[in-house]
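Chain IDs A, B and C follow the sequence of writing; residue 1 opens each chain.
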Amino acid sequence: MNQQLSIQTTGQGLREITREVDSVVERAGVSDGLCTIMVRHTSASLTIQENADPSAGRDLENWINRLVVENDPLYTHTHEGPDDMPSHIKAVLTATTLSIPIANGQLALGRWQGIYLWEHRQRGSERQIAVHVGS
Amino acid sequence: MNQQLSIQTTGQGLREITREVDSVVERAGVSDGLCTIMVRHTSASLTIQENADPSAGRDLENWINRLVVENDPLYTHTHEGPDDMPSHIKAVLTATTLSIPIANGQLALGRWQGIYLWEHRQRGSERQIAVHVGS
Amino acid sequence: MNQQLSIQTTGQGLREITREVDSVVERAGVSDGLCTIMVRHTSASLTIQENADPSAGRDLENWINRLVVENDPLYTHTHEGPDDMPSHIKAVLTATTLSIPIANGQLALGRWQGIYLWEHRQRGSERQIAVHVGS
């Protein structure tokens, strides 16, 4: 079973999408299976991270922005702006696809885990995520 | 088919779990299929790495510890100790889920590949890994 | 359905394999499903990246080569040459497995997304990629 999620982002940072993915799994009605999500863009990515304390997400964002800087003289791929190439690098260092087991009809996430869409462009946009639920 | 593995870690570093995952695949009795594993924590991760020479794993550990340092003044998420935020960052840079094809009843790993649970906290603990085997 | 792809690389860098993976999906004849690929080596990896402008791939390569240098005094795992340990680190920071939903018989990649095999050794070789297509 396939479905596409459209998620609006409002700028750089982590946006939790656990609830949206949960809804697809619920509708699929699979008791034991596998849920795979893929972000259909190369300037945004996916991650599973702590959902208890937002400070973890902010530190992640600051840390990766220090590692992957804008206006690096190394970049030649710059025509879409200073956040273009950093977005691709961050996407490569994190995840484009995630596969999450489904047990007893629910995503088998740990207690403190949430699924996040990570927007890497300064300006948010509507991001598409392909979701597949199989047995 | 779903199963959960409990793996005891004893501190930072790579702990091979190929044998444990193999056992689940064997019990599932699937000839051609897919094995997906997900670590149910945000301060440990998964990786597929060389299993021939332990020096590769030690170098990996040392390299990532130099990239993601403790007591970085950037961190605000520090209430669980100096290894808290570095653990989350390392988890994001490596993998939380892995999907491995099964061919002829066996994980289709390359000759030198092993599956590893990567503990990022100074103190080890019992880590849970959700395993799904499908066709 | 399982198949193995053999891809010849000619040195460090990204080699697009979207067409080769597409062919496997087509042959599988699955309308809605999941395609999983795994590189069976620890010195090469996989990534989904922009396929429109080759400058993005070159910048990625240069950026990661600056982050993960050869002849780092930290390395002890050096018997296969100066590109041995950097290859393992780059593989760990990127992806060994990718799972891509199939919708309407086609990989549900975004418009600008391509699948890449990333060779991390100076000298290319024949790389094996396990492909699984399921429903």
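As a convention for this text, a residue touches a chain if its C-beta (ideal position, glycine included) is under 8 Å from a C-beta of that chain, and two chains touch if they have at least 3 such contacts.
If you're wondering where the values come from, they're calculated on a predicted model, not measured in any experiment.
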Over half shared or under half: which fits the residue numbers at the contact of copies subunit A and subunit C, same or different?
different
Equivalent-chain rotation between subunit B and subunit A, CA atoms, steps of 5 degrees:
120
The distance between the C-alpha centres of subunit A and subunit C, rounded to whole Å, is 20
Where subunit C touches two or more other chains simultaneously, the residues are 34, 36, 67, 93, 95, 99, 134
Considering only the defined contacts, which subunit A positions touch subunit C in the complex?
1-2, 4, 34, 36, 38-42, 67-68, 72, 74-77, 85, 88-89, 91-93, 95-97, 99, 128, 130-132, 134
Sort out for me which residues of subunit A touch subunit B in the complex.
32-34, 36, 47-50, 53, 55-56, 58-60, 62-63, 66-67, 93-95, 98-103, 108-113, 134-135
